[in-house]
Every structure is written in C-alpha cells, then in structure tokens.
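Here the chain labels run A, B, C and D in written order, and each chain numbers its own residues starting at 1.
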Amino acid sequence: MDFAIPPATAALLDRARAFMRTHVFPVEPTVLARGVAASDDIVASLRAAARAEGLWLPQMAREEGGLGLSLLDHGLLSEVLGHSPLGHLACNCQAPDAGNMEILHKYATPAQRERWLEPLLRGEIRSCFAMTEPDTAGSNPTQLRCAARLDGDDYVLDGRKWFTTGADGAAFAVVMAVTDPAAEAHRRASMLIVPTDTPGFRRVRNVPIFGHAGAGWDSHAELEFTACRVPKHSLLGPVHGGFVIAQERLGPGRIHHCMRWLGICERALGMMAARAATRELAPGERLGDKQIVQAWLAECRARIDAARLLVLRTAWLIDQHGFAAARDDISLIKFHVAEVLSEVLDRAIQVHGALGLTDDTVLAFFYTRERGARIYDGPDEVHKVAAARRILARHRPGREG
Amino acid sequence: MDFAIPPATAALLDRARAFMRTHVFPVEPTVLARGVAASDDIVASLRAAARAEGLWLPQMAREEGGLGLSLLDHGLLSEVLGHSPLGHLACNCQAPDAGNMEILHKYATPAQRERWLEPLLRGEIRSCFAMTEPDTAGSNPTQLRCAARLDGDDYVLDGRKWFTTGADGAAFAVVMAVTDPAAEAHRRASMLIVPTDTPGFRRVRNVPIFGHAGAGWDSHAELEFTACRVPKHSLLGPVHGGFVIAQERLGPGRIHHCMRWLGICERALGMMAARAATRELAPGERLGDKQIVQAWLAECRARIDAARLLVLRTAWLIDQHGFAAARDDISLIKFHVAEVLSEVLDRAIQVHGALGLTDDTVLAFFYTRERGARIYDGPDEVHKVAAARRILARHRPGREG
Amino acid sequence: MDFAIPPATAALLDRARAFMRTHVFPVEPTVLARGVAASDDIVASLRAAARAEGLWLPQMAREEGGLGLSLLDHGLLSEVLGHSPLGHLACNCQAPDAGNMEILHKYATPAQRERWLEPLLRGEIRSCFAMTEPDTAGSNPTQLRCAARLDGDDYVLDGRKWFTTGADGAAFAVVMAVTDPAAEAHRRASMLIVPTDTPGFRRVRNVPIFGHAGAGWDSHAELEFTACRVPKHSLLGPVHGGFVIAQERLGPGRIHHCMRWLGICERALGMMAARAATRELAPGERLGDKQIVQAWLAECRARIDAARLLVLRTAWLIDQHGFAAARDDISLIKFHVAEVLSEVLDRAIQVHGALGLTDDTVLAFFYTRERGARIYDGPDEVHKVAAARRILARHRPGREG
Amino acid sequence: MDFAIPPATAALLDRARAFMRTHVFPVEPTVLARGVAASDDIVASLRAAARAEGLWLPQMAREEGGLGLSLLDHGLLSEVLGHSPLGHLACNCQAPDAGNMEILHKYATPAQRERWLEPLLRGEIRSCFAMTEPDTAGSNPTQLRCAARLDGDDYVLDGRKWFTTGADGAAFAVVMAVTDPAAEAHRRASMLIVPTDTPGFRRVRNVPIFGHAGAGWDSHAELEFTACRVPKHSLLGPVHGGFVIAQERLGPGRIHHCMRWLGICERALGMMAARAATRELAPGERLGDKQIVQAWLAECRARIDAARLLVLRTAWLIDQHGFAAARDDISLIKFHVAEVLSEVLDRAIQVHGALGLTDDTVLAFFYTRERGARIYDGPDEVHKVAAARRILARHRPGREG
C-alpha cells in the first residue's frame, strides 16, 4: 500500500489548482449571479484557458483528445475541479455530457461519432440524457413507460421524461425507451439519439428546483415525446441493450459525482475554517474559539478524509479489476459521500450564520443544488439495500464468511 | 394536568382548519409560483375571508380588534396557520408586522398609534424591523454599530442593517440604533420609527437567499442609513431602552416561530405519509411498505408530538407566570423545534425523491426558507449555551440541586 | 390544557422525593456493591419506610392496599422512584411483580388471589413472568413454542424460556404456553401459574448480561420445562386467552418503563450538570465552561422535558379513554424515550470521563442494565414499524387525512 | 497510490487469520467465562502457538525478537488480532505491556533492559503504566500531583493513580511522577520504574468497571504510593523527560488502539450480518430481509471501510515521515474510529436482540470494555479541539490556506 500521489499526478493537480485560482474563482460570483446560461462569453474563455493549461477532457482517452487518466487520477483531479460549480464545465467534463461522451465513445457508429461525439468533444454542442420519468420509480426498470415503437424504418417515441439535465439548449438527447415491452426487465429498453429539433420532441418546462427553473446547461427539463419519429439508425448500441448501457453510464457517473462532492466538501470546510478563524464575536474572541465550532471542524475533517480514501480506493479497484469488482464499493460511496456532503454543507452554513443563507457565498448554491445528491443516481436508501443484500448473501448458511 | 383542548379553542381550530382548506391551500401553488409580491389580489381576498371567519389578528388583544387569545391558544392556532406559508399573512399575524404591532401596542405614543399601528392593524400598510447588521455578531449587543446621534430635535442615523424582512414595500422601519455608545451593553441603543421614504434611508438590495432575492413581504433587505434624519418623537419607547424592547419582542417571537414550525412539520409529515401510502414501486408494493420509510414516519411523529407539548407548556408557563419564568424553556424550544423541523423537512424531501426537490410541492419552499430557523433569533448554539449556563448555575457547589 | 401539577399530587411527589433522599440514596451504593440479593435486610427496611411514608403499592387500587393513583399521577411518582434502581423495589411496584399483580388482580380466582396475589401485595413472596423464548422471535406470536398439553386434569408443560426476570427466588411463574397449536395466531396460548418448586420446572441458569449473572430479583433466568405438570385450575384467565393478557400486561408495562426511564434520565442529567459545574480542568476553569458539554446539557434538558410530556400525555389519554385510544402513543413513547435514555446515559458517562466507567457512580449500572430498554417489550424497530403502519393506514387513498 | 496489500503482508495476514480461527476463537468463550486471570494455562498455549506461527511480538524490531513490521503492516495485522479480546495477548503485543516494551526499548539502561525488558519480551512477566490520577484532569499536565522527591540516592513517591491497567499481578509499574514541581508544564515529571513489591506501593483495589472488577491483566487498578522509595537508577529516560516519553508512548498507542478497534468493528459487523442472514422471524422471512437492518449493515460497512483507510494512511504517514507529520491525523483517527466503534457495537447488539445483551456472544464484552475508547488516551472532545485548533491556525489572516 502506498498513499503517495505520484509526481506526474501531483503536477497535474497543481496545474488544476492554479487554473481554479487564476481563472475560475475570480469569475464564479459573476457567473452564479447572472446564471450560466447568460455567461457564454465567460464560459468560453474558461474553456480556452482549460485547453491552454492541458486540462481539457480529462475523462477521455488520449485518442479522443482527452488526458487519458486512470480513474484514480481523474478522481483526484475531479475533486479539485469540484471546488467550484464551474470547474467541470470549464474542462468539458460536466454531467451529463461527460457520460454521453463515454457511451458514444463506446457505442457510436462512425456516422454518430462524426455528427454527435466530435462536436461534443470540441465543446461546440451540448447534449442531455433522458432516462428518469415523472410517474415511475426510477429504481425499478420494469416501471419504465416511455416507448419507442418500430414503424417501418423509424422508431416512434411516445412518453414523458423529467430531470433531463441541460435539455434546454442541447443539440440532442440520448433517450432510454421501451422497445420490447414483453421482455424481461433488463432487456426491455434501448437507447436512441434524438435531435432536440425533431418534431414531436417537446421541452415542456425547466422544472423549478428550490425556486430556480434555471436555463441552458443549468436546468433540468421535463420532456414530452409525441409520435416523435427518428430513423432506425438513431439506435445507440445494441437493440434492447438500454439497461446495460445505462448501468455502464451510471457506474462511473456515481464515482464522478463522489469525487466532485469531495471537492465541494473541501471548499466548504475551507470556508468554514476561514470564517471561524476570522469572525469576531467580541474583541479578541473569534467564532473559532468556540468548542462547538471546533468539534464540527474536526469531525468534518475526519469524515471528509476518510470518505475521500474510500472513493479513491474504489477508483483504484476499478482501474485494477474493472467495474464488476467494485459494485459493492460504488454503492457504499454513493450514499456515504452524499451523507458527508450534506452534513458538511449544513455545518458550513451554520458557521456562516445569516451570511450562509445568502448568495453572497457559494454555500447556498451548493446547499440547494446538491440536496439531490442523496436522491439522483439512485436514492441512498436503494444503494444501502443493494449493498446490504450482497453482504447478507455472503453470510447465508453454507457460505464461507 | 389536563391535555384536553377546551371546546372553545377546539371550535376555533376547526374554523381555522376549514379556512386553510377552503381558502388558503387552493391558492397556495399560484401564489408561490407568482411570488407573494405579485399576488396582492389573492392576499386581499384571503384577508377578507380571514376577517369573515373571525381569524383576523389572532395575536392581538380584543381592544385592538384581535382575538384576545392566551399564548397557549394562539400557539395551537398558529400551528394550523403554519401549514401554509400564507396562513399567517392571511390573518395579519405574519412576522415582522406581528412583532411590531406588539411593541407599538405597548410603547407607541398616541400619535405613533394613529399613524403607524392602526393602519398596520387594518392591514393597510406593512412594516419592518431593522436590528441585524451585516458585519457584527447579532448575539453580542456591544457589537451593534448603526448609530442615531441626537442633533437638535432630530436623530441622525448612520449605519447598515440586513436581513430586514419585508423592508421592500414597507411604510416604516423600527430601527435599533446606538444612542449612547459609552453606556453598558444593554443600555446603549434605542428604537426609532423611520418612514422608509425618509431621505438617507436606502434599501441597498433584497439579499438573495438560496438564489431568491424575493420582493415585497417575501424579501430580506440590506439597508443603508446615511445622515438619515428623523424627528426626536420618532423614538419608540424609552430612550436607551432598545435592548429591553428587543428582548420583549424576540421572546414571544421565538414562541411564535416554534408554533409556526410545528405547523410546517405537521404539513410535511402529512405529505410524507400520503406519498408513502400511495407511491407505487411495483404492482402491489408501495413506498410505505419499506421499513426505512416507516422508521422515519414513526420517528418524526414522536419527535413532533413531543416538541409540540414542550412548546405548549412553555406558552402555558408564560400565560401563567410571565416571560421571566419561561426564559430557560424559550431557549430550549428555540433550538429543539428548529432541529426537529430540519429533520422532518429533510426526510419529507427524501421520501418524495426527485419530486421533493421541485417546486411542484411546497416542501422545497419550506426547505430553503426555513433553513434559517436554526440561525435567526439567535443561532441554536447560542441558545444551547445560554440554557446550559443556567442549568450549571443551579448545580454550583453550595446550591441546592 | 393545564400543565400544573395538582396540589395533592405535588405533595405525594414531595413525599417521594424526601423518601428517596432520606432512605434510598444513602443505601444505594451499598446495595449495588453487594447486590440486591445479598441485601435483604436493607430492602426490608426500605420497604418498611415506604409503607410508613404512604408510598406502598402505588400502582394498585385502594381496595388492594394501593394508592389508587391515576396513571398520570403514577407516572409522575414513578419518575421520582426511578432515580434509583431501588426506588420501585422499595415501594413494591417493581417489574415483573407489578405486572403480575395487575393481571392477578384482574383474572385471579379467589383461590389464586389468596395463594399468590395477597402475599405478593404484602411483599412476602416474589414472582416472575415467563414469556420470551431463546430461539423464537418474540415479536411474532405464531413462533411461540413452549407448550402446555392438557392431560386429564393437568396441564403438562414442555419448552424453554429466557429473560425471565427474577425467577431466581420467585415463588411462582406466570407462564405463557401454547394450548391450542392449531388456532390462529392470537388464540394459541394460555397463561398458567406454575410454582417454581413444581417437578419439571428447572432454572437452567441466570443468563449473564454484560458480565453479570446476578441473583435473586436482579437476575434474568433461562428456564426449562420438562413434563412439568400443574393442575388445570392453574390457568390464569380464560383458556387460550394468553395473548390478550400479555398485551394487557405489556401495554401498561411500557408506560411504566418509560416513566422509570425518565427518572433515570433526570438522575443522569443532574449528575452530568453537577460534574460539569464542579470538575476543575485548571484553576478557575471548569468542565462546564466547555461549549461541547454545554450543548449536551441543553440538548438533554430539552429532549427529556419533551419526552416526559409525551409520556404524561399518553398516560392521561389512557386515564381518559382507555388503552385502545393510546395504542399509537404507546408505541411512540416506547422507542422515543428509550432513545433519549440511551443518549442521556451515554453523554453523562462521557462527561464523567474515566469515573463514568466505574461503579463509583450509578451511571455504569444504568448504562448496562438499561441497554435493554431498546430491546425488551418489543425492539424499538418493531414499534416504529407498528406505529408507521397505523399512520400510513390513515393516508391511504379514499381516506380522510 | 496503490491500495494493494503486498504479497508478504497478505501471507502474514492469512497466517494470522488461520491462527485466530484455529487457536483463539475456539478458546475465547471459555476464557471470557472464566476470566483471563484464571486462564493461565490457555493463554500459555495460545502464546506457544503464536510463537510457532511466527506471530510473536509483531510490534517489536527484529533485534528484539519481533517481526520488524512497518506501522502500516502492524496495523493490518493488529486488526486481525483485534477480532478477539485474546488476539493481542496471545502475541504479546497487548496494552499496556506493548507500550512499555517500546519505551524500554528506547530508553532502558542495560541493567533495566536485562531486568525488565527481556522477561517482558519473553512473556514471563507483566507490567503496568501508572499515569492517570483519580482527581486531576488527565488532559492537563500541570494538574499532575503524584510526586517523586529525590532523597539521597532514592526517589520517594507519594500520590495516587488509577486506571492502571494490569497492575494486579504486574512485576513492575512505569510511574509518571512530578520531579520538578516548579518547572513549566511539560518539564515537571519523570518516568520511574517501580517494582510492585516495593514497600509503600499499594494496590488499593481493582476499580470495578461496569460491574466488573476483574483480575490480573484484565483489571484496572487504583494505586497508592506512600513514601515509596526506589533507587535513583530507577529513572527511565532523562530526568524531567516524563511528558516527552508519555507522548511518545501515547502516539503509537492511539494508532494501535484504532487498529484493534477496527478488528472489533469487523468482528461485530460479521456477527451482525450472520445473525441477520440466519435469524428467522417467520417461515421464509429473515431479520436480514428488514430494510432497517439492511441500512445498518450498509452504513456500518461504509464507515468501517472508510475509517480503516484513514488509519492505514496515518500509519503510512508515520512510516514515511515520522510522528510529527501525523499529529493531526492521530487526533482525527482517535475520535473518528472510536465513534464508528461505538455505533457498530450498538447496532450489532440491537440486531442480536436479547441475545446481544448476554455473555453468550462476545458483543456484550466489547460493549462495556470498549465504552472507554471514547475516553481513554484523551477524551474524543479533547482530540477534536486539538485538531480544530491546528486547522484554524492554518486559516488565520495572513496565512496561506
């Protein structure tokens, strides 16, 4: 075992920290005040800087113009980028585009590559991923309702989706739809690439979340498909292979979220410590002199550090042995890091007092935007049950512990 | 001891529940979507209905046109009104006006009464209360900086305030300002009535809170006073008596908040139960069949019920023996109910999944608007320390336990 | 609503507090060091004092020589007695005898009354209650295995029981045994009075609990019945009515436990406060000056006070409307108070540091003896699920909330 | 970064697991029932087996007959040994002897080595470490009272100690005593080797802890020194160097405790999973089918795994950069792992129900013996404050974050 960060990775991280300090943090308040959708100019210059600094597409293979990092190295980098809501966007590794790039990289036909993947990689278009539905339990694949019926050479989509991040302004959606209703649960659906200007594709609204409907990339849409017709070759990957692709996309996605959440935790802890160290309660007495605040700082420090190691070990395990070997660990980190994140943000706000409730710091943004961490990509409770079942299976009578 | 609700109170509560069901809940989604400030027509008709139903000014004495309730009865009513963010507003017992009415009722000169209190009671104007400052610790009165210097027959105010709820559109502010900087901590400040159109009074901005700057009553302003001159007779209550009045205002204010929070808890628990009882995970299987959700429901039920009794006993104690007798209990309920509220809202959102994050239910509104419950009117930690010090004082050597 | 304690009750509580102070606390260290079973002389003199002070049999009706208290008044008294592990024993209202007296009072034939109930009331004999079995889940009545087969004029018992409190030295056991294996779950068993000297009745061992096998009243036995024959008239109550009687016994039992636990909480909080107020860390600096300890004190104070009110309201509800009306509340207080108790004891020990681990205070005794509070009389989790199911039933579609 | 366990370490761990399975677990129930002090024969045969398996003195350098492990490897091994209360004892790396061996290894004169260290290494004698005092706060070195006055060629000790683990039956004590009362806090005390048969050395009692006074190694004594005279050459290490030695001893001691606690956690989690997987609630329904239990299993799994990595990284840091570099981390793991341990044991007991309270499993033993984990070697709260202060110091104005 070796906990040292190798020199090449350390250099990359230093570069990323410098990039955040020099380029991202200075513009963050402006972008958050205006909204990302109204900040195209700033985002464009961040992206130019990211390319110049060798931080473009960290999640992609070198052959796709990416950094070709191990998942472990990507995790370390992703934490640094996660210090700001703009870090990943600047490097073109933001959800949901990053996940779409991964499945396109793996499954796209040459024509799909050229039309969709390449402009995505270049940052010229955005995309979205339409899986979650408003009226069905996402954790149960047999509940999926949005259907794509084969009609001649076309698929005809009918149904509804929501929480489709970034649909507003996206060039295309990857849509998970039922193509074989009678099949067993995990063989019912396929993935289809649907350009957002296809007739029958309607963005009903950007769903308002904690009072914020958002716009552009920073929004979560409700979509409606009505007799929405796309040619057969819009299929992404094998027919009826939708669940496999969804899993392949969500597995790394969970790791990526965890890494980003740790960046948020670290940012919040730093702010909490800085506030406590400087806020005067009375001459000579600072908030950080108070034991309750001290206990929070120490507890957060321990929990973040422990959680980070769990995530990095999971990334390492995947690098070494593939996703299947890390299935348990992915469930564990999903809910564990989300809990740590919730707690750290809550305490950081409490330490900031009234200021913590305002948009004068980034904490309020993180607090509402990341409340979903315990819900999206499978609610924490579903992951706990899944992890527990595998633990229990190893303790059934007749099994070796 | 008798836990029965007397018939007259029970009838009042039934009336209030019917009022909420008939008048308030149906318009709530519209008002929350539009914003309160853009819903004057709806609020006006709610207020007419509240008058008609005998629910107007529940917090005021009969001589002021109010219901003349005991604090205990007001508590029970306030919980019912608290089920919606609009309940108190409809009955003209919303913060900060309710607190201002109370101190005007006690301290206003006849001229002040006529000019400010009476239109407030009639619901014709709104008011605000400017105490908290952006750069000083609210828990420490010696830190107060905003000053009112006597200059001839005028007070001249200079300084800043923030989190002045409802300043946007208010007719006047009650401003706490230092009038005797050299005095001991609790004799340094006075209360002044400052019309918001006084030259030198500037509303800098509505502070954006969790992404929402708000407007009108539903906003929290930052104010700046620059050589803002008001006549001497604008003084409310005795000169240098500001801290006493602030305490008198905050004490009942805390009780009122606790009662309202219990209403929010009850609403959230009802929604959680209804969601769990109806959300299908699979044919024949509902979310409420899951033990984790069941545990949350039972725990929330117990904690809300226990917290309510603690609040009601505190109200009863004040009714019987006055505020001084209940000082400990007020500290206890302030942090205890705020904690229960946080937990209940968090779980209610979790049970609703993605829906809980959206503005399609009222939970998201409560979640952000009431995160401040653990901060305003004294952070929970300050109340814990205050309560503990009094407990410890009773256990010093030489004291009877 | 009225939270005042009526004068007669207040006088009783004062008497009880004086009794605890004068008689019980002074002998408590000796009895705990020696063990109750080796302290017959002390217990006898405590009991004499309790009779003299009018505190004998508080739980029984006046016609049985008891105090004839409402459950609410008994609750208040029980808390005072609960300050010491010896309080209830001194007044002859200790488990399991108190519960046995109640069911004998209700169901005993005149012969059973004379032989068993009257000596119990006089404190001349002890009894035990054998329900829980080592290998079956107590929460599921269909799992009960210990059987009583009718053979001529006798019942013949075969089976095992454990956690039979006080079996060591008891004159008789009330045994719950299957008398109609084929009947539906709640009609399968009967209660039988079995003298402990009956052939075939064997006390296998006192089960060691946290390293302490105990003796006499302060022990929990494992029992074995092997062709253990008792006459038919040993039946207590109706044949096959065992579950009804068990429920009647456990319902009040849960209230009694909760009341006693609150007494333990109050004792622990007082010790925590006294320790914090006096323990010097450095000249002029006491443990109670530390904010972490202050937060614990305030939180415990609030939680205990809230929990007490919930228990008292439940007792009041039963006094007014009977047990059926309070079924939900009994489940809620069972787990809620047990949780508060665990937390308060844990923190009281932490505040005492190394001393808290030792038998030099009573905390260590309470910590191990009452860890079972979250398990006995139905694990907390079973009560949470039961309470939640009733909450959910009220929110099913087609029901009024 | 590399999370792989190297082959040589993996082989050692396999050997240790086999040793636990073959030798330790089978005798554990007998030893715990009898008490360690009455199990000399069994302990002797365990120790013979440990030597035979190459597991003797894992904490010592090869030159002392130990395994010469890195702290990281020792951590991994220590977790395996920690699965049973007997694991460390079997390998002669139990507290307090292991810590005494370390300081003797570093500071003993040749004569001290021969007389005390060598028999300790061979397992022929036992020792104890007398630092904690009954009436002074251990966290404050200026409070230390037990004094050793130089009188001719002797030191004369007067004072009291308690929680001196294993004093009963020990050949000698390392005693921390004030030798220069007027010096600054960290230069006041020295370490002295005091044979337990020295006149004036009195073991007052084995302090009963959770009802268990214990005996031999498994006891914590209260000691009294009355004009207890030892020759000057009994000094261990430099005169007035007691605090430095205490810190050197406690630092690794905290790591060792954390590693052992993780072993306990792992044992408890395994038992919890096995119980849940096998305990029938009804035909076909197992405890492990319940979501509440599933959530506990998953949460414990995540917290243990994260905590282990934090401990291992701390060990690695010490191996690479020495103790000074890991000061923060040692504080963090001390309280973090102690909290995880408390929670895991509590839940393991809850899952076992009544059985978990009994000595029929090892859980009850761990529950009481390890409640002290949050208190000894510095209460968790002291470590939190210490860690927080160092975090805050890095965020003071004018400092780089």
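The working rule: a contact is a pair of C-beta atoms (placed from the backbone, for glycine too) under 8 Å apart; a residue touches a chain by one contact, two chains touch by 3 or more.
Nothing here was measured: the structure is a model prediction, and the numbers come from that model.
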item	value
Shortest contact path, chain A to chain D, counted in steps	1
Pair sharing more residue contacts (C-beta pairs) when B-D is set against B-C	B-C
Centroid spacing, where centroids are CA-atom means, of chain B and chain D in whole angstrom	52
Whole-Å gap separating chain C and chain D, where each centre is the average of the chain's CA atoms	37
Separation of chain B from chain C, taking each centre as the mean of its C-alpha atoms, in whole Å	42
Contacts with 2+ other chains: residues of chain B	290-293, 295, 381, 384
Contacting residues of chain B [partner chain C, same complex]	1-6, 72, 270, 273-274, 276-278, 288, 291, 293-295, 297-299, 301-303, 305-307, 309-310, 312-313, 316-317, 320, 328-329, 331-333, 335-336, 381, 383-385, 387-389, 391-397, 401
List of chain B residues in touch with chain A within their complex	132, 134, 137-140, 142-143, 162-163, 207-212, 279-282, 287, 290, 292-293, 349-350, 353-360, 364-365, 367-368, 371-372, 374-376, 379-381, 384
Partner chain D, residues of chain B touching it in the complex	290-292, 295
